[in-house]
Structure formats: C-alpha cells, structure tokens
Amino acid sequence: MVFQLPLLLALPFAFAVVMLVWRPASRRTTAWLAGIAPLIGLGLLAALTPAVLDGSVPQSIHPWVPQLGLTFSLRLDGLAWMFALMVLAIGVLVVMYARYYLSQNEDAPKFFGYLLLFMGSMLGMVVAGNLLLLAIFWELTSISSFLLIGYWSRQNEAREGARMALTITGAGGLALLGGVIMIGQVVGSYELDAVLAAGDLLRAHPLYPAILALVLAGIFTKSAQFPFHFWLPHAMAAPTPVSAYLHSATMVKAGVFLLARLHPALAGTELFFYVVTSVGAATLLVGAWNAIFQHDLKGLLAYSTISHLGLITMLFGLSTPMAVVAGLFHILNHATFKASLFMAAGIIDHETGTRDMRRLGNLRRYLPFTSALAIIAALAMAGIPLLNGFLSKEMFFALALEIEGHAGMRTAASVVAFLAGVFGVAYSLRFVHDTFFGDGPRAVDREIHEPPRFMKIPVEVLVVLCLAVGVVPAWTIAPVLATAAHGVLGDAVPEYSLAVWHGFNVPLMMSLGGVIGGGLLYLGLRRLINLHAVARHAFGRHLFRVNTRALLTNARRFTFHVTDGSLQRSLWWVLIALLAVAGLPTLTALGAGAGASQPMPALGWAVWLVAVAATVTTVFLHRKRLLALLVVGAVGLAVSLVFVLMSAPDLALTQLLVELVTIALMLLALNYLPQQSVRTDNNARRWRDGAIALVIGAGIGTLAYAMMTRPLDTVATELLARSLPEGYGRNVVNVILVDFRGFDTFGEITVFGIAGLVVHALLRRARIAADEVVPGVADPLPMPSNLSHLLFPLALAVSVYLFLRGHNAPGGGFIAGLVLAVPLLLQYVLLGSQHVESRLGFDYVRCIGIGLLVAAATGVVPMLLGYPFLTSGHAEPRVPLVGELPLASAMGFDTGVYLVVFGGAMLILSMMGTVRPPRAPTGKAVPPAPAPAEPTNVEPA
Amino acid sequence: MEFALASLIGLLTAAGVYLLLRARSFDVILGLTLLSYATNLLIFSSGRLVIGKPPVLEDGVATTLAHYTDPLPQALVLTAIVIAFAMTAVTIVIAMRSRSDNGSDHVDAGGEGMP
Amino acid sequence: MFMVAAAMLFSLYRLLAGPSVPDRILALDTLYINTIAALMLFGMQLHSTIYFEAALVIAMLGFVGTVMLSKYVLRRDIVE
Amino acid sequence: MRRLLTSPPLSLAVLLLWLLLVADFSPGQLAIGVILALLLPWLAGLLEPERAAFGRTIALLALTRRVLWDMILSNIEVARRILGPERALTPGFVWIPLDLTSIHGITALASIITLTPGTVSAELSEDRRFLLVHCFNLKDADVQIAEIKTRYESLLMEIFP
Amino acid sequence: MIAAVEAPVALTSLGAHLPVLPILLPLLFGAVLLLVERRGIALQRTISWLGVATLTAVAAALLLAADTGTISLYLVGDWPARLGIALVADRTSALLVLTTTLLAGACLLYACAGWDRRAIHFHALFQLQLTGLNGAFLTGDLFNLFVFFEVMLIASYGLLLSGGRGPRMRAGLHYVVLNITASTLFLIALGLLYGVLGSLNMAELALRTSQAGAADLALVRAASGILLVVFCTKAALVPLYLWLPNAYSRAPAVVAALFAVMTKVGVYAVLRVYTLVFGDLAAGGEAAALAGWAWEWLLPAGLLTLVLATLGALASKSLRMLVAFLVIASAATLFVAISLGTAAAISAGLYYLVHSTFVAGALFLVVDLIRRQRGAVGDNLDVAGPLRHNALLGLLFGTAAISVSGMPPLSGFLGKVMLLDAVPADAVAWTWSVVLVTSLLTVVALARTASQTFWRAQPWPQTTPLPAPPSRIQVAAAALLLVYGIGMTVLGGPIMRYTDAAAAQLLAPADYVRAAHGATPQLREPSP
Amino acid sequence: MNAALEYLLAALLLIGSGFVLVGSLGLIKLSDFFKRLHGPTKATTLGVGCILLASIGHHAWLGDGFGLREILVTLFLFITAPVSAHLMSLAALRIGLERRPPRPGARSGDPRPENPDRRRG
C-alpha cells in the first residue's frame, strides 16, 4: 500500500475543482495551478520509480463496492508507469503551451479545469488496478474530452465534433463495460492481477469471442480505428493544446493502452490475431492515405494519428512479445513527435490566423525556429533515421516480415507496412513543403513573428526528445521501454536491441524505399493533380450526421405518433393490456365449476330492470347531459336498492346521500360545461369502442359471477364474533370502519379532506364563465325557503341521531356528516350562497383540519398508554342525572370522520357554488359572454 | 340472483367503459360514475348475496355467517364509495377548469398535444 | 311488494320516456317515494326496523335532488 | 330566555323529534334532546328566517283534522279520476288572491294545497298576494277559490295573524 | 436468511411505534398546517420543516431497525393481522420510506423559494402526500394499499394543479382520469381476491393462495393480472406509459421532482405483491407458476419501455419532456431488474430505484432552474436561446446527466453495473443489448440537450430584463439531491449490502408470513 | 284480536300500496306534465301514510317493539313534498310547458320571458 498513488490520482481532480470553483482571475495563477498538479505528480511518480524499475508493483487498495467486485485499487506496474509518465510530462508541456495559446478573453480556469479533469481521468485509467475502475476512468476520459473538444462551444464544428467523439467513444465505453463485466464473471474478479493471470481461462471460455468483441469495440472506438476513425478529425475543432494532448499522448492512446493492458489476458488466439491485425492494418492505410489529402494542418495530423494508431494496433495484433515491445515504443515515439507537431501547428495557426496549407507556405522565413522544430518532428513522423520514429518503424517492418505461420498474412502485413511507410513520407513531405517552403503565405492579415518564448519551450523539449531517442536510444528510452514491456509481458520480455544501426537489412531497405516512394508519390501527386483542389468528403461524418438525424427524426415521429397526448389512446391501451394480461388467459381457464344462482324476489327484478334500463338509456342519452344526469340518478338509486335488498343498510344510506351530493356537483359543473356533447367521433370508432366495452363488461361480469357462486370462506366469522365484546358495537360494518379497519377509514377521510382542499385550491382564484346565463336576477323562493327553515334544525337533529346511533345501528360519522351537509346545501340552493355564508361563517378548511386532528388524537391516546395506534377503548361512566353513558373511544374517531366529511363536502359544494365569472376588461364582473365556440376538431383515429 | 347481479355489473362496466372512451369530459365523468357503481357492486358481491341478514348484531343470535351477511365487503364498499366521490369531485372541478382555460371540453383539446 | 315494484317500473318509464325535463324530474322524485314505500314493506317482511333510517333519510333529503334539478332548469346556476 | 329559546315551537319540534327517534325516554336521552332543542333552532336561526308570530294555536288542531280528512277524500277522488278516462278531466290554473300576509301562513296554505291531491300550488306572485294553483279537475275557478279560502285560509289566518 | 420474529413487547417506547410514525407524523403536521394557514407563510414553513425533520429522523431509525433483519409488524388497533390492518416494516419498505423522506426534504427546500406561496394549500398537501406514499410503502394489507394509493394520488392532484392553469389542467385531467380508471381496476381485483380467498392481509393472502384449488386459482390469476395492469399503469410501463410525459412535464418543478418517487410506488407494489401474495418466486409449485405467468410479461415489456422511453428522450422538444421520458426509462430499468427475479437483480433494482428517484428529482429541479434563466425560450429544445449562469447550471445539469445516463462514476453507473452483472445467462443477450444501447442513446440525447442549452447559448437580448438569478435555496435543493446520489456512489458498498439483504428478504416471503402470524396483539387475545 | 289486527294491517298495506301504484300509474297514463304532477301527491300522502301505519302496527305487535318513529317519515314528506312540487311546477312554467293565466291585477305582460321549450326530448 502506497499513499503516493491515490495522491497522484487525486491531485488533478482536486486542482480541477479548485480551478472551477475559485476561478482565479489571473492567467498566470491559473496556469501555475494547472501546472503544479502534474509537476507534483511527476514528483510522486519519481518517488515510486525505483520500485517500479525494480520490477515490483506498488499498489493501493480501498474497498468500494465489494459485492460487485469493485475496489478502488490502484496499481503501478511498468506499463502504468510509462503511461503515467507520458500523461504527466506531456501534460506539463501542454499546460505551459496553453498558457500562451489561449487568448486573453477566453475562460482559462474552465479550460485548465477541464484539462486537469481529463488528466486525472487518464491517470486513473492507467493506474487502475481493477477493471471496473478502469472502465469508470475510461468513460471519464470520454466525458472530459467531450468538454474539451467542445470548449469553443460557439462553433458548430466544436459542438458537433464533441458530440461525435462522445457518441463514438461513449458507445465503445459501454461495450467495454459489457466486456469487462463478462471478464469479471468468467474470472470471478475484476482485480487486474487476477484477470491478467487468468488468460488461459478466458481464452478457453465460450464467452471469449463475445468478450473480445466487446472489449475491442471499446478499444477501436477510442483509438479511432477504422471504421470508427472518423470522429477524430472532427475532434480537431478543439483548441490546439487539447489536440496536442488528447490526440498524441492520451485519449486516443487509451485504446492501445488497454490493448497492452489486457494483452496477457486476451491476446494469443487466432481470432485476436486476425481481427486486431487486420483492423490495425486497414486503419494504418486509410489514415495515411487520407492524411495526404488534407488541407488543414491539424486535419493532416489527425489522419496521421489515425494511421499511427493503426500501426500500434497492428503491432499488438501480431501478439508476439517483440511486437508488444515495438508497440509500446511507438506509443512513446508517436506521443513525442505528434505532440510537438500539434503544438507547432498551433503556433502557426496562432501567428498566421490559419491552418489551411493552401494559404500557408514559406513560413521558414517568418518563423525560422519554429519551422526547424516542426520539420524535425515531421521527419520523425516520416520515420527518417536518427529520429525516434525511425526506430519503431524499423521494428515494425521487421516484425511484419517475421510473422510466423501465416504466410498470407505476412505478405499482406509487409505490403501494408511498406505502403504505410510510403504514405507516411508523402504526407510528412506535404506538411513540411506546403507549410514551410514554396510560396506564401497568402491572404494572411497579420504580421507573422515567432511566438513567445515559453510557447516554444514545450516544442523544443519534445523535439529534443525525438532527437535524443533517435540518436541514443539505449541511454534515453531503453529503461522506460524495458519497464513498460515488463509491465505487459512480465518475464517474457524478449531480447531486443535499440541500436540505431542494425546493418543493411530488409527493414532498412523498406525504410529507404519508403522515403523514396513517399517522395515520388508526393511529387507525383502534385504533378498529376492539383492537391490543393482535392476536396475530401468526410464520408464517416456524413454517415454519422445522416444517422443521427434519422435517429432524431424517427424518434420524434414515432414518439409523437404514439404519445400524442391523447387520453383516449392511453385509456384504450389500458383496456387492451387488461384484456391481454387479465382477460383472455384467465377466462379460458375459468371454465365450469360455477355454482347455481339463488332465486330472486320480485322487488329484486324491478330494481334490476330499473338499473339495466337506466344504464342503457344513459349510454344512449349521454350527449344530452342533463337528461343523462337524471337517468344516472336512477341508476344510483337502483344500486342503493340493491344494497337494501342484500342486507346492507349502511351502504344503501351512504349510496343515497353520496348520490345526492354527486348530482349537486354535476349540476354545478354542468353550468360551466356545454349542455350537449358535440359528436366528433365517427361510427367506426363508436363501434370499436362499443365492442371493447362489451368484451370487458362481459369479462368482468363473468368473473363476478364465477366469484359469487363459489363457497365463501372469510375472516368474517371472527369479525362478527369479536365485534360486540371487543369493539363495543353491534353494527359490525361500523365497528369495522372505526375499529377493525379504522386505519382504512383514516385514509379515506384523508382522501375526502384532500378532495376538499384540491377543489378549494382549484377554484379559489378561478374565474370561469358559465355556459349560459339566465337573464335576470334570481327568483326569490319564499315558500320553499320557509319550509327549509323548518326542516333545517330537524335535519340536524337527525344527523346527530345517526351519528350517535352509528355504532349499533345503521349510521355513523360519514352518513351523519352528509346528513348535516345536504340540508346545508339545500340552504345554499334556496337562499343563495351569500346569504348562507354571511350568516353561518364556517371555515370548512379548518373543519377538515380539526376533524383529522380529532381522529388522529383518538388514535394517539392509546399510543401514550402503550398500545398501538387506534386501539379502541370503552368506558361507561356514570353521569349524574343522565345515568350510564356508554362511551367507545371509536366515537371520538367517528367525530373526526363526521367533521372531515361535513367540512370536505361543504367546502367542495360551496366552492363550486361560488365560482366568479370572468372579469370584464373594465375590471367589473359582468355576465359572461356566451361560451367560446367549440372547435370541431376531429379526434385522431 | 347471482346471475342478475353479475349481468348488471357487466352492463355497468360496459357502459362505463364506453362512456370513458368518449372524448368529452362530462361523458368521461359519467363513465367513471357508472364504473364505480360496477366496482362497488362487485366488491359488495364478494361477501355473497344474502337477503335479510344485515350485519347488525342482535341478542341471542349466534354470530356466524349463517345469521349475518359478511360485513367486511360492506365496509370496503363504503370506503370505496367515499373515495370515488372524492375523486369525482376533483375530476369535475378539473373538467370545469380545463374547459374554461382551454376553451373546449374535449379531453384532448386546447393544447398542442405534446409540448 | 308487487304493486310497489310495478309502481317503480311505471316511474322508470316516465323517467326514460320524458318527454320534458320536469317530467323526468318528477319521475325521479316519484321513484324516491316508491323507494320509501319499498323500504317500509321490506322492513315489515323481514321483521326488521333496520331500514327505518334509510326511509327517514330519503323522506327528509330525497327531495333535495328534485329541488336542485328544478333550480337548474330555472336558473342554470343552482347556487347563486 | 328569548335569546336562549329563539323559536319555542321549533325547539319543541326538535325535542319531540329526538324523543321519537330514539324511542327512549330515559333522562339521558331527554337531556340530549333538550340540549339539541336549544342548540339547533339557534343555529338555524342564524340564517335569519322571517320570524313567525303565532295567534290562536288551538286552531291548529281543527286545521289538522280538516286537512287529514280532505286528504283522504281527495285521494280517493283523484285516484278514481286517474283510473278513469282522461277525457273527463278539465285541468286548469287558478290564481288565488291571498288575505294571509305572514309568509308562514302562506307557506302552510301552499303546502296544504299541494298535499291535498287534486291541487298543486305552482307559483307565488312576487308581491305574495296571489298563489297560482293548478287543479287536476277544475270545474269552476271561483268555487275552487272560495273553497280553499274558507276551508284553510280562514283557519290559518287565526294561527298566523 | 432467517428473520427474527418480533416478540410481543409492551409498546412503551416511541421506538415501538416506528412503523406507524412515518404515516402518522405527516398526517398530523398536514392537519395542523390546515389550521394555521391564515397565520402566514413563515409559520407554515416552520411547521412543514419540523414535519420533514422529524420524519427524516423516524425514517432513519426505521431503516436502522430494519437493518437488523427484523420484520416489524405493527398491528393498528391492536387487532390480529388478519382482522385488522397490519403495517410491516422490512428492509425494502424502510428503504423506500427513507428515500421518499430525503427526496421530500429537497423538494420542500425548493418550494420554500417561493412556489409554496403561489400554490394554495401547498404545505398541507405536501405533508399529506408523504402520508400517502409512506402508507403505501408500509402497509401489509392490500385494501389499505389501495387507500394509501388514493391518498397519495389525490394529494398529487392537488400539488400538480394548485396554482396552475391552461394546458396543465388538461394534463391534469388526463392524469386524474387515468388514475381513477386504474384505481377502479384495483378495486375490482380486490373484490375478486376477497371473494375467492376471503382476506385482504397480504400474508394471509399468501397462505390462502398457496392452498387454493385450481378453479379458485383461475380467479386469483385474473385478479393478479388486473393488479399487474394497475401497478404498471402507475409505474408507466409499456403500453401504459403514455400518460406520463404530459403529466410530468406540465407539473411544477417541485411537484415533478416529488413525483419522481410516484412511479416507484407502482414498482414497489409489483415487487411486494408478486413476491409475497402470488407465490414464492424462489420456490416452485403451483403458486409460483401463478407468479411466473404474469411475470413473463415484465421483462419484454420493461425492455420495450426502455427503448421507447429512450426514443422519447431523443425526441423531446423540451427539457421537461426529456426528464419525463428519463423517468419512464428509469422505471423501465427497474422493471427489467425486478422481472429477472433473482436476488442479485432485485438488489440492483432497489439500488437503482433509490438512485433514479434522487437523480430524476434533481433533474426536474435543475431543468426548472435552467428554464428560468433562458428567458422567453424557456425549456424549448428546438431553438437556441440565451442562458444566464451557464457555469453553475452546467455543473448541476452535467452531474445529473452523468448520473442519469449511467455514465461513471456516479450512482447511475453503479446501478447499471449491478444490473448488468445480475442478468442471468439466458437473458444476457437481449437485456444487455437493450440496456447498453439505450444508455448510449440517452447519452446522445443528453449531449444534444447540453449542447443546445449551454453551448449554443445566445447573448441575452437587450430588450428583455434579466431574469432573477437562481435563488441559493433552489440551487441548494437541486445540489442536495445530487449529493445524495454522490453519497450513494461513495457508500455503494454498505448500500448494496443493505439492498442485497432486502432482496433476500423479499424472496423469502415465508419469513414475512411467519412474522405476520407471530405478531400478537397487546391487549387482545389472538383468537376468541 | 290478532286476526282482526292482521286483517287491518293487510288492508292498510293494500290501500297504501294501491295508492302508491295509482300515483305512478298516473305518471304513465296522463298526457301532460301538470296532470302528472298530481300523481305523486297520492303516493306521498295516503300511500306512504297507510304503509307507515301498517308498519307501526306490524312492528309493535309482531315483536320488534313499539315506536312511533315511522310518523317522522310522513312528517318529513309533508314538509318536503310541497317544496318539490312547487319547484317542479316553477320549472315547468319556466320552460313553457303550460301558459299560466294572467294574474289578476298584475301589470300586463309577464316580467319574465317565456323560453321556448328547448329542453324537450
């Protein structure tokens, strides 16, 4: 366990957060802050280096989600060390470069913050010791690179490039995640040590092809392998420091890093060999060929990057230990020369205002020093001897020629390698020639001079490195490479020599041929066609665009077709689902076994007939609303008569009262709704709806019949038996309501009270135009009012009676509450709301609140005594004069019910009765104009 | 008797469903009302159909299902009635407001569909 | 019982046939009154006073529906 | 006392109603009944009905007897007519001029008219001086008016002067 | 896993009443709030906060108690479970109660920035909504579940519509009518169940189902199918999700955020009822076939919903619509998880449930903040508008977006990994493909949204006045929810240990049933 | 005594039910609204009245205890029936089912317009 590793990882994130939160105003502070993180990181890395060079692997493990196998485990082997070094070192240089690159009006803290985030993600990925953790950092690099690429977010190109990169690499990341999880399932652990040791197990597992496919999908997208390469050139919309960092040393290297990382676990099969090598080869050629035809400096570099990544991939595909060494070597080399080239391109852009080679030229006169640096780096890219690129390319040629056991592959690889060499030289030549030589620059509107000193230093450092490695590899790069190779191959590191001179051999010939061929190709192309006039279509981007657009369009078309906001359609689907899930499969299984019906008394038939006839009539009359309402009233009456017949007096009473109040509500509402339903649906639709209605009705009816004719076996006997002795009530229904299942009732009155509140909230400030206003003032109704004055106190007495009797006879809080409310409603109807409310000023809202509290209090008291909520009690205190007074605590609860029901019902009714008409423009309430004309919109079928 | 009630439940359901599928708010509310009748009858019938044995205890009568009907479904229906009423009230008011705000009592009208 | 059942059906006819709204209101009102009769008869048949409360409440409040419906026909706005 | 007992007849009615309802004359119920009899009319009184002034309440008994008897007679009469051919009917409206001024009296009259089959009080003029009555079988309007006025209104005038 | 059955101890301490308190407390606070409504907003806020604070404490205590493995039975009214109503607090319900409470705290915070003044009865309705939600999570009685569904729904109508007008009314009408229809079906199923099995207590139903004959089972199956439709309507599963986008995108931000837990109630109900009542998923036998029968629908429906919801997210023309579709997608992911039926998958589902509740809530709040800083453009995604406070909002949105899309390193990622890891071999191909592809499409949709909103932000038009900056309280509320998500990431280990245990508890319904039968009343005899 | 009482009760029941039936029959048979309006008054008065008397007798003598509570039903009907009838006739007049005769002594012309019968049907 070492502390340096977590610290190393935490630094960039911590500094990023500081940067983004603090947002230092001074550019210098910002840059220093951004630079300190990797500098300290390098220090930490240096501290760990001796151990790593000794071949040990410093680790730090913290548990995270152990059940998942996800640990926060960091591990610095040679490979990780090499990458960390690269990430941090080039990171420092990029920060230094960017400090001068960014113009004065740009948001530097944001830039450096994002950059540090990316750096941290990248570091995390390379030092992760757990595959899941690696996948996490992998995706973090996608996210942070999204932010970096889109940094110049005002530009369409930047936004599109960022989204494209995120989409492609994000997709790859998800595939990788899948692959990682599969690896974990096969190996039983995500720990890298375990996974790397389980190569044989993995390769032999039936899931191996799937794992390989998923992991490679991640690698290929990230490393811009053909055919996923097209995102990379578009990522060039990013500021150049970003390109220099992401597309030379880090982001795109993540893919090949993983290839190296998992080499022991996944490589070594035919499948791996063929797939990776061919994809690498294809990428190598496609990238190199395309690079020749770019006009944008960064475009050229981007395609060249693609090509070099193809080369590295191909090397790893070859799978031999030597190929791995070569791959690692080329990773380093490419990072150095490509970073310096990007930076040089940035300087050029910075100084001339353009990166278009058609407008550039002859810059060696204006930027002699920068030109020299860039030319050296470009030669390294071309693989010219004494530069680092040459060494690894040489190795590549050798390896291609040495492929064993695949003769065809050997030939193909060698041809590809040679062609790549040719193309590489050609585009490097183009880069050098079109920029620094020839005519130009054209149409450049500023004075061109060398950039600030510190902007060049990073380039210098890198170019020096190119040279040093190219000239004295053994003293410079050898230990690094050996360490990294040991990290991948362990003790299987082959013997190799990093000498500049291996004698005249075939690879050297190939290199030579490449240089000559490349030169000829470039010159030939210049002769044959006007290179500057070639317009390359970004086919990949086009495809991506078309697909994205098609995806969006179709998603939209589909979504808005399906979820068109139609209630009818939603309901229709509910019904269909009902039939599918509950109806058809069950009814077939229901079969016989239903018992017989009992005979029915005459009154029963009359009630049945009333209900049936009224229901049918409702359906046919439904468009004439008042009539439909009347007829529905009859249905309700019939239903309550059913309850009467079937031994349910409480229900009958409740149904009747609720029916009355419902009619009142509907009438009140009808005043504000059209009196008739406009028919907007066609016959076909009505038949369709009728059909499904009948099917569902038949289904429910059948189920009901089947249920009713089965023998009964319920908990009811116990309820009946315990009602009187323990619930102190004879009316078992009421005892259930206030005692056995008092909690239900509690919920029920809460619903009721809330309904009142909702209506209040909806209508208090509303102004609604009546559908039609009868002219004139209200008729005084002296005679009915007079009678209702007489009735009112009597009805109140009956209400009290029903309330007190409820526990032993039909009645109870709910019924009593409504018997209180309905007469009051009558007063509203006959006397007008103003008359009533000015004299009986109830605050119905508080009434609801008090009712709820009273009910709750009855439940809470037993809690204080150590019994559960709502435990009922009973007492018969002797009251002087009155005698024994039977008191069940349930009565208290019922009082709450009474209050809530009364308050809720009256709140609803009074709110609906006192809706104000809309304000006229003058601000005075006037009788509303006729209702707005109904738009005769045809329903979507 | 069972058949009659079951057929009534079926009919009420069918009528309710049909009205529910009409596109006008008032029709929908009528449909919901009919559906709630059907539902209440169905729950009620889960205690089976017993004539003349209301669950109000009398002295000297054994407290068994032979003498009293099952009280529990009745209590459930009571709760259901009350809740249905509350919901109806809210729906009616929303229908009023919707018509007033959107200028139409078509349940889907007055808006641009999906925002 | 038969008579009351028949009476209910007569009222039902008027309720469904109309023709005018007051006719239907009247029919519904009558249906309520028939219900009171039916409740009393039913109570007698079962030797039970348990339906009294229902009858009482209908007698007391059944007319509220009639009042509201009539008021609606009169004024449209039943609470003014 | 006046403030406590806003309307003695109404209180009496409530008390009677209560005792009838509970069918129990125990002191407890009586107490509750008295409380309600005091409380409820007071509550109802908040709605400010027009006050009733009572005259000769003894006439109430005579009126009740008369009304009940008429009810039976006219019930039979109207039932006969319903069962008989409809052609024989001559329905019609008649405005009855009122001498009663108390709204309670008018209400009582209108109720009696309605409760006696064959006549329905249909409308009260706005100035409360005429009552429109629909007669099931109107033979002679003046006879009908005279009958109502003599049989009921005169007694009502005594009760609600 | 053996659950300890709670011995009958005297309920003298407050702790003994834990299962009822999450229901009772908000109810009391809600009622008190109704009484003080005229005393000004400050008092209301104080009381509301007091309510949420005590509720949080209670919910935490409940979770700690449940984490001992005890299934606490609370016999309301001191009646045996089969006669009265029993509340049951096991790990799952305790987790959901705590989730709801934590979400509620953030929502309340957001509302206190001013919405609570505009919406009449906001505080009371808010507390009562919590009553409904917690009741639904804690009840052990099927009918009582219905009742609390209704409490929750009707309060949600109020919260949704109070202070609203226009299109919101129409969306509200849809929402209400659809829910009433579903409730009606719920009641039908309850009627059938009681008619056949003769009880409503879930544990009792479980016993009786296992003893039911073939003819009875057919009816039970019908009821179970109807219930499935009901719960899936609430949880917005295909084809029953059509109502949600409109309703949620029309809702005020606070309410929409609170609604993030509403779809979860449907998921919870499916999980609870199907693992318990309709047969032991883990065991075989006839009853298990019953569960399996309805269960078969869930996985394909969940996957299809996931696809359609993701397409919807891609198609969204407004920020709020986008979030609404993401809510559907998260509910669908949950369905995918629980439909797999294994302990690991259900555990993943529970983790994902909590995560998605927080992140969806956060998204609704963040999107509301963004909308307010875009001037006339509002949350329209089709046009580029101005945006003030780009950086702050971008941070909030970015965090939420990373989490909701399942990108690392936040809770969404952990949830997704848990889910993928838990998929049994025979379902891997489809499930993985759909989950991974929809994740990608979600990323695409969110990237597009971010690009459109933040990157294409235009300069603020000169003619219009600048919007008020986002209030600190509102930002804090959104950030709080995001912090919860980060907490879930950091504490992934302990949380997953909890959800693993919760899933195991769910899949051992015998323990639940034993607990329900073992609970004896304080005062009363167990049987006469 | 018992037999006589039973006959009396049966007769009351028969009469009561008869009036209820006739009242509703009138609803079917009669041709216009105001005629039909007279039907229910029979049911409310004698019809229900007789049945109530029978009920009182029945419960008193056949075991369920004596109570005059049934009187209350009639009492309430007597209070409420006139109100319903009055409002229904007002409604009928309002929509013009029947023209009311001119009021003696009133100014010519009815202050309230007679609406055409829009709601017929």
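Each chain gets a letter, A, B, C, D, E and F, in the order it is written, and its residues are counted from 1.
Convention: a contact is a pair of C-beta atoms (placed from the backbone, for glycine too) under 8 Å apart; a residue touches a chain by one contact, two chains touch by 3 or more.
Quick caveat, the model's predicted, so the values are computed rather than measured.
**Q** Note the shortest touch-path length, in steps, from chain B to chain C.
**A** When the steps are counted carefully, the minimum from chain B to chain C is 1.
**Q** Determine the shortest chain-contact distance, in steps, between chain D and chain E.
**A** Minimal hop count between chain D and chain E: 2.
**Q** Average the CA atoms of each chain to get its centre, and name the chain whose centre is farthest from that of chain D.
**A** Most remote chain from chain D, centroid-wise, comes out as A.
**Q** Can you check which chain pair, A-B or D-F, has more C-beta pairs in contact?
**A** Between the chain pairs A-B and D-F, A-B carries more contacts.
**Q** Where the centre of all protein Cα atoms falls, which chain's Cα centre is nearest to that point?
**A** E
**Q** Please tell me the distance, in whole Å, between the geometric centres of chain A and chain E computed from their C-alpha atoms.
**A** It comes to 17 Å between the two C-alpha centres.
**Q** Quick one: chain C and chain D, Cα centre-to-centre, how many Å?
**A** The answer is 22 Å.
**Q** So the centre of each chain is just the mean of its C-alpha atoms; given that, what is the distance between chain A and chain C in Å?
**A** 59
**Q** Averaging only over C-alpha atoms, locate the centres of chain B and chain E and give their separation in whole Å.
**A** Here the centre of chain E sits 27 Å away from the centre of chain B.
**Q** Give me the residues of chain B that touch two or more other chains.
**A** Residues 20, 25, 28, 40, 42, 44-48, 52, 54, 56, 72, 76, 79, 83, 86-87, 90, 94-95, 97, 107-109, 111, 114 of chain B each touch two or more of the other chains.
**Q** What positions in chain D touch 2 or more of the other chains?
**A** In chain D, the residues touching two or more other chains are 17, 21, 110-111, 121.
**Q** Please set out, as single numbers or ranges, the residues of chain F touching at least two other chains.
**A** In chain F, residues 18, 25, 37, 39, 44, 65, 67, 69, 72, 76, 79-83, 86-87, 89-90, 119, 121 touch at least two other chains, as defined above.
**Q** Output every touching chain pair, sorted by label.
**A** Chain pairs that touch: A-B, A-C, A-D, A-E, A-F, B-C, B-E, C-F, D-F.
**Q** Contact residues on chain C for chain F in the complex?
**A** 1, 3-4, 6-8, 10-11, 13-14, 18-23, 25-27, 29-30, 33-34, 36-37, 40-41, 43-44, 47-49, 52, 55-56, 59-60, 62-63, 66-67, 69-71, 73-74
**Q** Which residues of chain A touch chain D in the complex?
**A** 780, 782-783, 785-787, 789-790, 792-794, 796-798, 800-801, 804, 827, 831, 835-836, 839-840, 879, 881-883, 885
**Q** Which residues of chain F touch chain A once you look at their complex with the stated criterion?
**A** For this pair, the touching residues of chain F are 76, 79-80, 82-83, 86-87, 90, 111-113, 119, 121.
**Q** Okay, in this complex, where on chain B does chain E touch?
**A** 20, 25, 28, 32, 35-36, 39-40, 42-48, 72-73, 76, 79-80, 83-84, 86-87, 90-91, 94-95, 97-98, 101-102, 107-112, 114-115
**Q** Once bound in the complex, which stretches of chain A touch chain E?
**A** 20, 63-68, 70, 110, 132, 135-140, 142-143, 146, 150, 153-154, 158-159, 162-163, 166-167, 170-171, 174-175, 177-178, 181, 184-185, 548, 551-552, 554-560, 562-563, 565-567, 569-571, 573-574, 576-578, 581-583, 585-587, 589-591, 593, 700, 703-704, 706-708, 710, 712-716, 718-719, 721-722, 725-726, 739-744, 746-748, 750-751, 754-755, 757-758, 760-762, 764-765, 845-846, 848-850, 852-853, 856, 859-860, 862-863, 866-872
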